[in-house]
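Just dropping this structure here.
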Amino acid sequence: MGNETQVFDDSVYGRSRVAESDELKQYYQDVENMGTKAFWTVANKIEPWEPRTLSAPMLWEYDKLRPLLIKATELVSPGDAGRRVLTLINDNLKESAAACGMLFSGIQITRPGEFTPAHRHVASALRFIMEGSGGYTIVNGHKMNLGARDFVITPNGTWHEHGVAEDGQTCIWQDGLDIPMANAFEANDYHVWPEEGKGQDQLHPTDFSPLTYSGSGVLMADTEWNEPYSPLFKYSWERTYEALQNAAKVNDGSPYDGILMNYTNPATGGPVMATMGAAMQMLRPGEHTKAHKHTGSIVYQVAKGSGYTVINGKRFNWKEKDIFCVPSWAWHEHCNGSGSEDACLFQFNDLPTIKKLGYYQERVYTENNGHQKIEQ
Amino acid sequence: MGNETQVFDDSVYGRSRVAESDELKQYYQDVENMGTKAFWTVANKIEPWEPRTLSAPMLWEYDKLRPLLIKATELVSPGDAGRRVLTLINDNLKESAAACGMLFSGIQITRPGEFTPAHRHVASALRFIMEGSGGYTIVNGHKMNLGARDFVITPNGTWHEHGVAEDGQTCIWQDGLDIPMANAFEANDYHVWPEEGKGQDQLHPTDFSPLTYSGSGVLMADTEWNEPYSPLFKYSWERTYEALQNAAKVNDGSPYDGILMNYTNPATGGPVMATMGAAMQMLRPGEHTKAHKHTGSIVYQVAKGSGYTVINGKRFNWKEKDIFCVPSWAWHEHCNGSGSEDACLFQFNDLPTIKKLGYYQERVYTENNGHQKIEQ
Amino acid sequence: MGNETQVFDDSVYGRSRVAESDELKQYYQDVENMGTKAFWTVANKIEPWEPRTLSAPMLWEYDKLRPLLIKATELVSPGDAGRRVLTLINDNLKESAAACGMLFSGIQITRPGEFTPAHRHVASALRFIMEGSGGYTIVNGHKMNLGARDFVITPNGTWHEHGVAEDGQTCIWQDGLDIPMANAFEANDYHVWPEEGKGQDQLHPTDFSPLTYSGSGVLMADTEWNEPYSPLFKYSWERTYEALQNAAKVNDGSPYDGILMNYTNPATGGPVMATMGAAMQMLRPGEHTKAHKHTGSIVYQVAKGSGYTVINGKRFNWKEKDIFCVPSWAWHEHCNGSGSEDACLFQFNDLPTIKKLGYYQERVYTENNGHQKIEQ
Amino acid sequence: MGNETQVFDDSVYGRSRVAESDELKQYYQDVENMGTKAFWTVANKIEPWEPRTLSAPMLWEYDKLRPLLIKATELVSPGDAGRRVLTLINDNLKESAAACGMLFSGIQITRPGEFTPAHRHVASALRFIMEGSGGYTIVNGHKMNLGARDFVITPNGTWHEHGVAEDGQTCIWQDGLDIPMANAFEANDYHVWPEEGKGQDQLHPTDFSPLTYSGSGVLMADTEWNEPYSPLFKYSWERTYEALQNAAKVNDGSPYDGILMNYTNPATGGPVMATMGAAMQMLRPGEHTKAHKHTGSIVYQVAKGSGYTVINGKRFNWKEKDIFCVPSWAWHEHCNGSGSEDACLFQFNDLPTIKKLGYYQERVYTENNGHQKIEQ
């Protein structure tokens, strides 16, 4: 694949290369009986030469999923389902119900007047709105109204619930969570709101958080914020898109990502939550980025426009509201299919965790002017 | 003054209360001859019961200074003066040329086509624009255009220069610096740009910094920033005022300051520079705050509206572009003089330093419903 | 189990409780064909009421493993095996070759004159010495001599190799790594030293790191340290045991752990490496701690003495050099079996990761004076 | 002085170089009447080309001060004096009672059975013990016994008192404080213990802090420490000297300072207190360091041995217990006068503040192989 000209040979000095023998076979049986295993029989598997990816690159087309979502509204209620969500399942990760790596993705649909039961969990959640009007989220008593392409977080341990106003229109959004990661650490949990059929009281004026914390370069002087997540819970599309456009006036951007901006905690400049990051990127008209790969898993949602992404040599065509994933250590490059309009990709990822744990690596695709050959 | 009912009696146990004697007089002479001093003869002076303020509360009326600034343009050139600035001198701090505590303030005037010689120094600088058009600052090759009520920083050690375009109008702004603090630490310095009569080359597109870094809740993903000051060099009035207005919709604000927002480094959420902070506050129509006092010195500039501030019982009436100072540990309360318009106060201060050094203390004025009696 | 009187009922409002139907069965088939799954069919599984532990509590007796280790020295060489290690395999984690949670543990044996091939990997490693003399580790050119009960780290990305001097005695130590965690994040890798049969050159005087960085409360003034791991690579038993004894003179310690001290990075006060922490605890003569449980996995090695640990109601008797594990969210209490001698437990864990990710929770066992009932 | 070959010419472009005129004289008078000053008349003074040092290099010989200290015990009691201290006064800083820059130094003497009144203040204090036995300090209820060459801190805002046991011997130590700095920021204060003639109750076992926190590379696991100063209040000479000796085995050390180790907060690796740092350095037998200069003020106390320091070309001979200071931006080099014994210098300084404020600069003396010419 690509410029991987390096040969990885497990027979070299430094790798496990013990020849089989009858004596060893007996020995392996003996040690297994003691709750152990000869390390050299598994070393090369658990210590791969390069990061080993289990996740498959995948794309979920919104057009095909939308009728199934509508159908779900006829079959189950939020009150019985907990949340009326279609979970995006990676072909290789059915056991953990992950979309990519240890990231969960689902698409939730809520009709006017409906709301999910309030709940909280150790896992962190985020949402990116696809369509509808009158949607809202309540996080620890903070109610926020949601419009298309808005980004909203419901962090680790916060009580939250979602709904659509009686006079709104059916809302559909993507839910991103770190449930598989929390389960891998044997740490996830779940709490239901103590009052059945009733949610949280609203403790603050609607949109308190974005009105207070979305200023540009300013923060309330007398407000302390010590939580490990952003006090800004909702990032509006208008402000995000304006920031991308302004940055594009004076920045070339990244050769691999165009103009890529992370959503940040304004109180720290860091990621919005402890485990997951989120970002929005703009591919300018005709922009075709170069390929690179890095550790860390990414789930993308097309926020605007259409184009394609090449992942490990396979082309995935996308248009607005489609969702696709780029697994850890997979080569990827993006192409805006339009020569006149920009295209925008929302993403969420596990990069804050990957970087905190010292697991981040990146490599640039150097052959063919940075572009992968596409498999036929 | 105020609710200071506590009696401070230097004759109590724990204070220095040594009675004079002839033998001691001789002893004091002996120890002074050895480059020392008996501590108990100075202890009560250098360890006051409460923070001891040398700085006087003062107000400088813009109307009265403006003609002198105009006059200066006829008398000296920026090229000869270095910078054509009237320094605001606190009555009690003439030696250090400080406006308040260890803060320097000056008012600079520049005519169309003029520019100051480029220079840099260990001291940090900031500017708040009073009037004019076509003004600009260049900081380490970053040129930024400046309009009235914009706030701009020229941090510690950066090359900087200021000017007004040929087709602009005479610009006047306040300069705030930590020169007295840097000198108190015996640390200030000065470098002139190596090419006489010529300034820095512009290394980046005009307004690169605000276009890149003034997004709301987002930061460029591939930009590292490791300097001890904000990558956002200019904070526009429009965005700042919008933030104040939004916050006022859902926040009561501080009883002592109304809606007070700190200018922040978006990469950290902390102050814009290492030594000095800056903030903008909005006093809503008719708002009269309660009095408090704290350590740390503040220089205010009226950004909008008119009203008065009571400092240690003395009333200072202010209107737009006036500058006044509140010394460390001085009681102060603000009053917006209008019942229909908001009033806005820009400030810069040494609070980031005060807090880093563990020197911050605050006290609330509890008598008379929080309002000082005004001296006649 | 224990004081878990809370009833978890999946039929309550807020949980997924959709009744089966033929229509739904068809629907589930339809959505699976689209690479998705109805969330409510998996929600209660992937969002357990409380952290769900897969790992089994286990104990590996050194006496039983030692003969197998000796046998390994006759069967394979370090040069062919890469490392001559018996991996401790949790009964429930055979796929990931983990000892507990996402922690790897193995026991390595090296004869006089032998050394492992130098290598490096994204995974972090640590070692706790069981027996032998003349052992050494080389980390990025730093050679350190190792004695029984010494603790040594070979952090993330550092070149490392281990050996025993020709005139030494066969060395056995425990290796702890985060290999399963790095693999779960699809991030592990492996590099062999470029020169076959030859290791790193020694770039610093032997024991440079402990001689430079193991001072008490002092650090070299002109040494910068910016790595995400401790500059102190070796923690000697003598200094660690002295610290425990000193602390025990004036501290009651934790009711759940006695005198428990974390090995720290002296340049930050934080854990020794980014992903894993390590600690040593002293159970005083006769000490029997109370039970608690928390998220995070722990692998213990008995450094001194004997006693037992009760894990989820099952008693595990241990003596020096035995290894046992306490899984995430398992009740555990420790008992020193001696009334006259202290007992010391070394541990390594994933707590730094658990805490950074916001996954830490703790619960105290309140019944029966804090002691679990032991299963018969 | 030295290699300062750079010429600083105030007539160059970029400096203030306005020629005098009668019109300007009148103008200067006019602006002064308005509480301002023409900046160009003070610019070159308050913006020196290089850091401008007011403090004089000075040395205080212990032999000469000791009789005056003894005499003080006959003249005043701690109860009346507050503290029986001879303050070391820099010849150029009599107004602020500083020893160097904004650092205070004094020598305190306490006889058996005496103790100072308990008090606290915003200023931070530290002590380095010169002689005596049975001395103790109580910091926030923590009593610590003090021996010669021990270093102890009494941080910002902590209640503290000092005394000597009835059966001890007269104790003499150096007190270092940031009183002048706290006063320059108009922030210092003073509180006396509410009960006359009685001090704090001891709230913890004697030496709790050093027994708990002076371990090497370990910290109590269940102890949170959120104060802005070290939880280790006492640093014993034995451990410090051992660390210097160990480091000297494998480190060349600094060409300017030999083996220089900072006392650190073990919970952070940073300085012991927010405003001041402290360090101990070892000059090996015959070691003569090279000269450098930097911003920041240092007060030294000779802990062991004898030698001399050259400061701005002037030689200061020192022996054990002498105190001397090196002002900001003064060239300095140290020489151990013995060819067979090491010499150790204790120091405290304002470097943590200087660095936090971005005021640190350093320059190396390049001429004459790094050695200053000594003035005759």
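We just call them A, B, C and D in the order they show up, numbering each chain from 1.
Note that a residue touches a chain if its C-beta (ideal position, glycine included) is under 8 Å from a C-beta of that chain, and two chains touch if they have at least 3 such contacts.
Molecules present, by chain and UniProt name: A, B, C, D = NADPH dehydrogenase.
Quantities reported herein were computed from a predicted structural model and do not represent experimental measurements.
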Chains in simultaneous contact with chain A (NADPH dehydrogenase) and chain C (NADPH dehydrogenase): none
Chain separated most widely from chain B (NADPH dehydrogenase), comparing mean CA positions: C
Whole-Å gap separating chain C (NADPH dehydrogenase) and chain D (NADPH dehydrogenase), where each centre is the average of the chain's CA atoms: 44
Whole-Å separation of chain centres (CA-atom averages), chain B (NADPH dehydrogenase) against chain D (NADPH dehydrogenase): 29
Approximate Å spacing (C-alpha centroids) for the pair chain A (NADPH dehydrogenase), chain D (NADPH dehydrogenase): 52
Touching pairs - complete list by chain label: A-B, A-C, B-D, C-D
Touching residues (chain side chain C (NADPH dehydrogenase), partner chain D (NADPH dehydrogenase)) in the complex: 204-205, 207-208, 211-222, 230, 232, 235-236, 239-240, 242-243, 246-247, 249-251, 253-254, 257, 259-269, 279-281
Chain C (NADPH dehydrogenase) residues within the chain A (NADPH dehydrogenase) interface of the complex: 12-19, 23-24, 27, 30-32, 34-40, 42-43, 46-55, 58, 60, 64-65, 68, 71-72, 75-76, 79-89, 91, 96-97, 101-102, 104, 106-107, 117-119, 121-124, 156-157, 179-190, 192-193, 196-197, 228, 273-275, 295-297, 327-329, 350, 353-354, 356-361
